[in-house]
């Protein structure tokens, strides 16, 4: 609440006064309209940014819900610290490395824009308020990608690892990938064809899941996950309602994640993106639910939720490139992929929330699906449409298969680069400070061992030990009228 | 005095409590327990894996009464907790040497249940 | 994150270049402004859409909070499946039936727009991105209406019924009602007067509640709800905090539900709508809280929340038609209605969350209240103002009472049509696959019986049976310094 | 969903028709643009309003999470009633007292605008829809300030006190403070210099915390908080996940709280505000986490969350006045302040969620920090920049130190006025109806004693007493294949 | 040896535990129980309907001691758990035939409480 | 008949249950308990203050068997629950006068565990 409103009113006053001078005034109106159009875009991006930041709560509750009670509090602290560290890392270094500006084209990484500040010259353009808005939107994406990393690591990782990796991830790993696709880097022009990843099936989700895999390989499974026979045993998370909260927040947040990736409101194109997003999410739920039911005769709640996420991850690359009919197909297959992936991976790797499948495999599927379904109407300049349009339309196979190849390359390149960087980083963390808590702390739970107190104290501390007994509603309620004592 | 300890199904408790109250035995205690016996455990599903639960929730009822009331209590418990299915539970009778009402410090048979004061 | 930004920048560049040619340029600027105005409307609708979809989380937690622990997980899966199925049903069929386009006027149902796709010709107009945005907004409303249906059915319904009914509801039942009022159907012109239901007290809420009643009649009460004496007994839900979460999410989402129903930002009229919404919700809480306190000497938490919802449902029809002073009156009475309704209905019907009262009775009240309080300043073309303005203003009684009649007709028609269609649908479901789980599954809880696992596993599975014991914080915390052992 | 869309389409039609008459049309386009610009502002404010109302859920869960299970339900009812009462109070009286209109300048309180209604003449300007939007935004702020008040009072206050104080706070206390700084009142011009409090570190947060202190002094500590030795003992709240939910909702809501305080979208300035907000929140988490870890060797989850809130409160005054580099500094120090404050205050006063520190001390720090860091580029007309710019820049010390004095005065004046008004109000409440529940009710918990039922019934009511036993999954799951019975 | 079983109010536990520790009896166990007796149940409100709760939460304290220590334990429990209001609870004494310390395998009176080793 | 009551660590339960089942003693009960003994409590941190927890979670195992089986049960429990660290717990043996299988009403030694029927 400031005095800035005056400035605005004054500006409008000037506009009106200028009406006396048509030609001058006309240029003013056109310029004003341009200014307002930019503001409208930024309002849209601001809305999207808020939604994407809210997704942090989605990851928080997905992870907490899938953990046991003794590890519920650490998930809260993790999100706080992680989001905070990555914010500072992005502001100081990461945004510069990601280098979204025009001038960065063809570079391996961005070279300017560190310690982001107002008026800063980034390759010839001065930072203004709308630059800040876009930079914040980029941070929200980076934070989502980072949040995905920890899905495989629940219930046994050392807390310090969160902060340490967040620095490297926010300053380097994610920015390198983002630059390569969205910042005019190597993947934005592969022999003339750009990788098409509208909102980041590969850039954000596969990146996060790949780092998650690297960490898991160094960390190992939770105690008790595999029986003496080597078979996986279920370690049920403690709260499906919290899982539900997480999934719905992610789902809703994804409207910002995908819709906001239009950056502009031009032609209300975000409407198409959002409808595609919804259709794929719905189909993802349906696909995953059907498959898990067929496999186990039980409609697993968490798998249903994973299906929603897989559908969303799957459509993330294509949400701005495919027609509506393709979205449910992409989502349905993503729903199958996540169930199949969880069941297959579970045999060897302990991924408590299914991040490898929901973000990794579905991210790969989504990136490739663009090469299958991208509509000629919507593709980027220079890109080829999806293979489908060679089969059922008039696109040349050389163009569509070429694009499919580019999409495949994006997947492979992202996986290899992120895996190497992440593995090295986690290996260093492991060597320097250790990656896994001692067995006694794993048994006791991370809450009490890392944070000094349980996330649900009353589930663990006997009521008798509370400063005030909690259990004696002596005067509460109306006494029952029982037969007179004898 | 005897303590009657019975492991029963949850749904049997209320009718037992109500009938005991009516018959002049308002004083009973109950604890959450879990047990195994002839009744088998169950296998539950979660994300495609399974977890095997070998023990089932039961209630442990404890009633202390004078020796002569024992049979009446046992009978009442039996009547309400028998379904004929496995998992109905067991009753055990244990000797009690002394009983004291904390509120008054009184001792003996009379304090086990509430008598006229 | 796409290349579309370039397109936008280019478009603006053209605009500026055109300044040299005033008259051409002028037409361009006017057209650009019109385009931007539409985009602004769509940004507003997009915000509203996101808020309305978020309401699904509101229903999720309202229902879960009012259920027992053993039925907490199924509420999560229910929302996932339900929202997904209705999405596909709406996209394929429902939107077409709802037929909001001009060309559908006077039809019983819409006849075009099935399998919604870009460029599709819907009665002469081609589908563009903004059509998609509005179609998605319509879906969000349909999903809200469907979510209301299940309020009466908790803790005993077969899971399959959710999916089966969602198909019929999303493809037919809701679209028929929506078309009749908002699509130019029969209720949009009753002898020259349109039904006034701004955001759906009747179309959305009464519809949902009526289907809920139909289902309840076929389903029966929960085991143990009525004692041997036929008197209702309380079956307390397991978590008031989750109820609170649900209510607040619904409350906040309602700003999108009502505010977004303006569709356009013209004159910032949504500001009036939102303020009315807030005033009524507040008064609803106050009304319900006072009445339940007077009746039971206890300020029931859930009833307070029901009051908020009733206030919101009550103002939903009138939010764009009444003055601010009327909103708290409508809300207060809605608050009374919901408490009175719950207490009265409870005697005969087992409605665990009070949906019949909060959405049904309050929806009826809200629709009628428009006939009492609609301001001459705000009414639709051809409609009569509220009766109030005949008593205290200059409106003719014939006009206001006529309008009240139309509002009453809307209530009756909606109830009858929806009840018949829903009852038949549920009866078929019951005949084909059964509507209610067996008694043993009801006792065990729907989570374990329908989903294979509890929603809160640690509340049911003994800690000793976990792969790793959860209970031994042996090394955690500092040992107490006790007197030396003797 | 109304017929208003027609109006809009018609308006645009007129615009286009007018193209034939360039000069007339030109004025039309300019006027239309101005109208659209206002609508865009109001869409922005509407988004911000929704976010700020959502913060009520943040306070709800922060408080519930920090309470014991037996007091979990009352926190829900509290938010409902409190928000409702303050809504009516603000509408009827508060908004008028706050008097944001121009005509109120230099008055002690606003004098017009009571029982807010459409067309109402407020000092010469008629109320329109956009006035309603701004009035609603103001209400959301008032409701936040009120929510802060109760942080110190958990687990022992009489429920009636919430409603009683809400009337006075919403009608008088908050409006007086808001008027003085934002309504052209005494603090908006102190010897020519305005207090700079962009979004309310002092106006909203210090005000709430000061009332919280007043209440606490009259209420006393929870039973058992202080041992026989006078030392504080921990009374752990029951759910860190709910605390996490609360903090994240507040964090996200704060983008609306600070960003919306621009009121206009001009130059997308909100982008700067939002980035500052994020940077400070992140630094707040880092500061608080480091300090609590150093002090106790445990990374307290709640303190981490308090750090986020302190960072946010700290930047609230300065978010529109400081450069990006200053935001993390302000946040970091706020993070230190909150930990230090909680540990220091805990020794004497029982503040279960740390409101005195997170909102009070951090609010003071934030208000003063403007006097240190305010950038010459961004300050209000007539204001002095921060002292920093005298040390490292070209600002005169007389100006910057003068401004620091004004900021200090704002803190002192706010504290004194609010403390006196609140203390008197609470003293009257105490005298008339009592402020604290009897000891037996405190032991039993407020849920059962004030609301007739526990917030978590199954944590207190034995399963055996439920109408239907909850514990017998007899047929659920597959029976284990055990060795044959012998 | 005797096992002293006492049904007490929650708030009585800590003082009892503390005094027993001081007197040289650090070893006690406690279980959550619910019971009825002279103390009546309560009726609770929910959405205008009621639920009747007939049993009240209690603690069950269990202490095994040598015969000669029994009276001291009973006395300590009585002192701290008596409020004079109904619901104070009962103490029962039950014979124990054998006691074994798991850690060492030792048996007999001495293992019931921690003695010098 | 004897009732063997053992206070043990949670992790000892499953191996004990499994071995007893194998040896022909499928019927056991278990209750959540808390206790103190030689094992010390812990101090926990919360927002800079502390809370002292003096009792630790334990399981109370209860098995009723015929007199002659007692030693076998005790031995099995000892084998699986001894870690050698303090906190391992205790075993107590208590006389039982009567045992009744609720499902059938049978009484006597044979009902304590499931025998061929």
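Every chain is named by a letter (A, B, C, D, E and F) in the order it is written, and numbering of its residues begins at 1.
Here, a residue touches a chain if its C-beta (ideal position, glycine included) is under 8 Å from a C-beta of that chain, and two chains touch if they have at least 3 such contacts.
Predicted model, so just to flag it, every value in this text is computed and none were measured.
Asks: Among all the other chains, which ones are in touch with both chain C and chain E?
Replies: A, B, D, F
Asks: For the sequence-identical pair chain C and chain D, what is the superposition rotation angle on Cα atoms, to the nearest 5 degrees?
Replies: About 120 degrees, rounded to the nearest 5.
Asks: Which pair, B-C or B-D, has more C-beta contacts?
Replies: It is B-D, judged by the count of C-beta pairs in contact.
Asks: What is the distance, in whole Å, between the centres of chain D and chain E, each centre taken as the mean of its C-alpha atoms?
Replies: The computed centroid separation for chain D versus chain E comes out at 48 Å.
Asks: Per the centroid of Cα atoms for each chain, what is the distance between chain E and chain F, given in Å?
Replies: 18
Asks: What is the distance in Å between the mean C-alpha positions of chain A and chain D?
Replies: Using C-alpha averages as centres, the distance is 28 Å.
Asks: Mind pulling the chain E residues that touch 2 or more other chains?
Replies: In chain E, the residues touching two or more other chains are 14, 21, 26, 30-32, 34, 38, 44-46, 51-55, 57, 87, 94-95, 114.
Asks: In chain D, what residues contact two or more other chains?
Replies: Only 22, 26, 29, 33, 36, 40, 43, 47, 233-236, 245, 296-298, 300, 448, 451-454, 457, 460-462, 464-467, 469-474, 476-477, 482, 485 qualify.
Asks: Touch graph across the chains, line, ring, star, complete or other?
Replies: complete
Asks: What does chain D use to touch chain F in their complex?
Replies: Within the complex, chain D contacts chain F at residues 232-236, 292, 295-298, 300, 302-303, 339, 342-343, 346, 354, 482-483, 485-486.
Asks: Give every residue of chain B touching chain C within the complex, in rising order.
Replies: 34, 44-46, 51-55, 57
Asks: Okay, in this complex, where on chain E does chain C touch?
Replies: Chain E reaches chain C through residues 21-22, 24, 26, 44-51, 114-116.
Asks: Name, in rising order, each residue of chain F that touches chain B in their complex.
Replies: Interface residues on the chain F side: 1, 3, 14, 17, 21, 26-32, 64, 94-103, 105, 111-112, 114.
Asks: What does chain E use to touch chain A in their complex?
Replies: 9-11, 13-14, 30, 38, 40-45, 52-54, 57, 59, 87
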